[in-house]
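As structure tokens, here come the structures.
Next come two complexes, and both contain chain A; in the first it sits with chain B, in the second with chain C.
Then we have the complex of A and B:
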């Protein structure tokens, strides 16, 4: 394994300065994916900038409307155990708890998971359903970008060289907002999903409105179930769920691999979309 | 790994065939291809850069036209390339076939790709998805080039 220059800046601006000086540098968050790629010999970084000492990057804050601000370096375990997250979006904490094993969750970060953009990851799919905003640190600005626009392709984000993920924001919920994350694993519970479904909606007396549904591991990015959303848009009850969920087959684009054939994944996408809708009203 | 791609190309089959069989011109339609040079009448060398997130493959190698049937508009190609930095080899057999379609022509590309070494560790699903994306862009560009 070849050596590389390693930096641990203490502030965001110091990290940005380093990145400006070394445009080819790799940015390290928790390092779970990085270490695998390095050990497999698939990446050969010359410079690595770790964000582990960046002041304030591992904080979780809530606003007065129950919205969450989650620093890029917050680990999955920190989300799972956070009373702040549990108070406003317990479903997000539940989704983070489905990631791999405890050892991975102790190390892997929310910002790293978004930046890695693995379409089979759990947290980005849930963040997409919750319409999370990613705060991107650019040289002279820090815009909020919808996560759906950040995740563009397999292992690929819309971030330009020199840009960093500072945090992720999830807006507060209404009194009738429901959310669910279902993950189907074929081989073992700590595996990547064969298919996962994240859904949120407004639910009043068993009627679902304004659903937002994303699926993981069945496309190059979290796949939005637009046909299902459209079928449910005007308000739907549980008797409508099976027909609506069947439409998901055209919303996904799975490929055949060790976790199942493309056709099997399409079918499981249907099954788990229906279950997610039922979970919203249960 | 078998790959199969079908695309409708908005140009007459005759013109698309002329573009496809002009390897240096056709290669310009493949995203990431740099510097294709002829080594003989049916043999070319070149390099292909493929970026999948943090992983960057630089494949240097050769393409050989093994057989071609201009009347039937079918050809068979063999490619072999190496990534010397990461360590790995890609070997591919590619069959290209064109047929007249309702609005232009239909292109069929069937590939059998073998990946050895470190590149293979990246996982077949990722490589398959990337290959399909590249082929789709290749087919679109061929249509534009042939129609121009």
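Then we have the complex of A and C:
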């Protein structure tokens, strides 16, 4: 292991200029995953561009409809503590609070979590259920891309070389919008999930409509529970939840590892999907 | 280019160091500054033995690039006592049996210091929430919890 060229640009445009000059450079956010991968010899960067000094990258803003704009360099702790986030999407703050330990939450960032694209991470799963948009800085544009399109595979995003995650946006909620994030850990609460479920829906008088459900740690990316959503689409009540949740088994694609066998994870996906649906109407 | 000069404050003293860019904060603290109170346990951010305060927030110094210390103020376990006088928290860890082998103790003290700064009179739940990720494999946590309550009452 040896040193690498290192830059701390002060603006997004300076970061983009550096990336254009060094297309193979690695982009560094909070640095937790980076340090682990570096120590394990899994990455060997020659140039690193840190975003830690990019002006305005660590802000949290709300629009007049309760929509959130969260800068890429906002830490998980900043989300957990943010009165702005708590006022519009407290469920998102609760999901961020489930990440690892206090120490990691104090360092790891929302943008870094999306860019790292670890399918067992908590925040990307919740962002997917909340239909978040990722603002991607390209050389001459900054399009909004649905996070479901950004997260394409394990540790893999749709971003091309030279592109940066600037921020994520979550639209405001309606008066009947409900959301929940459930995380099941086998060993200790700071572990990665064996399975996690993020769910959002419109709930009126106990009837669920327009559900959007994603599961973490049971596939190469946040896995959308399309079969469950379809079964619930016409307006479902709690008596329908068990049958609908059972369909999640075909929506996920877990592997056997230290956090459980594939078959066990499928079963826990069913259990926690049903619990998430119940949480929406409770 | 593979080295950077960083300026930071450690336990109140200004420091300027040239560091290789792949090094971590714990490497600089222990190997360059001789502050060996900060222990390296798991090296993957789980055990909490390497906890230090960066601008008042507890982090794992095994996960922080050394370059990220530039411009910050850091407190290690050596920075808690002043003029040889232990803090009430350190005293309470001794009198309440908050440690046994001692390897986790610097990290426990750092996290407990941050807890008391945020919540001067923490509940059992707040103590558990903050201390759960600083692993102790000797004593269990009853002594640690008692020590924090005792320090909070001083």
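By definition in this document, the second predicted complex is superposed on the first by the 282 of 282 C-alpha atoms of A that agree within 3 Å, B and C clash if a C-alpha of one lies under 4 Å from a C-alpha of the other, contacts with A are read in each partner's own complex, and residues count from 1 in each chain.
Rule of thumb we're sticking to: a residue touches a chain if its C-beta (ideal position, glycine included) is under 8 Å from a C-beta of that chain, and two chains touch if they have at least 3 such contacts.
As the structure is a prediction and not an experimental result, all values here were calculated from the model.
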Check whether A:42 is in contact with chain B, with chain C, with both or with neither, and answer first, second, both or neither.
first
Examine A:104 and indicate which partner it touches, taking first as chain B and second as chain C; both and neither are also allowed.
second
In the overlaid three-chain picture, which partner chain does A:28 touch, first (chain B) or second (chain C), both, or neither?
second
Quick one: is A:187 in contact with chain B, with chain C, with both, or with neither? Answer first, second, both or neither.
neither
Is A:144 touching the first partner chain B, the second partner chain C, both, or neither of them?
neither
First (chain B), second (chain C), both or neither: which does A:117 touch?
first
In the overlay, answer first, second, both or neither for which of chain B and chain C A:155 touches.
first
In this superposed model, does chain C or chain B come into contact with more residues of chain A?
C
Both partners, chain B and chain C, contact chain A at residues 34
Complex contacts: residues of chain A adjacent to chain B:
26, 34, 37, 40-44, 116-117, 153-156, 220, 255, 257
Which of the residues in chain B end up touching chain A in this complex?
52-55, 85-87, 118-119, 121-126, 128-130, 133
Could you please specify the touching residues of chain C with respect to chain A in the complex?
1-4, 20-24, 43-46, 48, 51, 54, 57-60, 62-65, 67-68, 111, 129-130, 132-133
Please name which positions on chain A make contact with chain C in the complex.
1-6, 8, 28, 31-32, 34-36, 38-39, 48, 50, 52, 77, 100-104, 106-107, 188-190
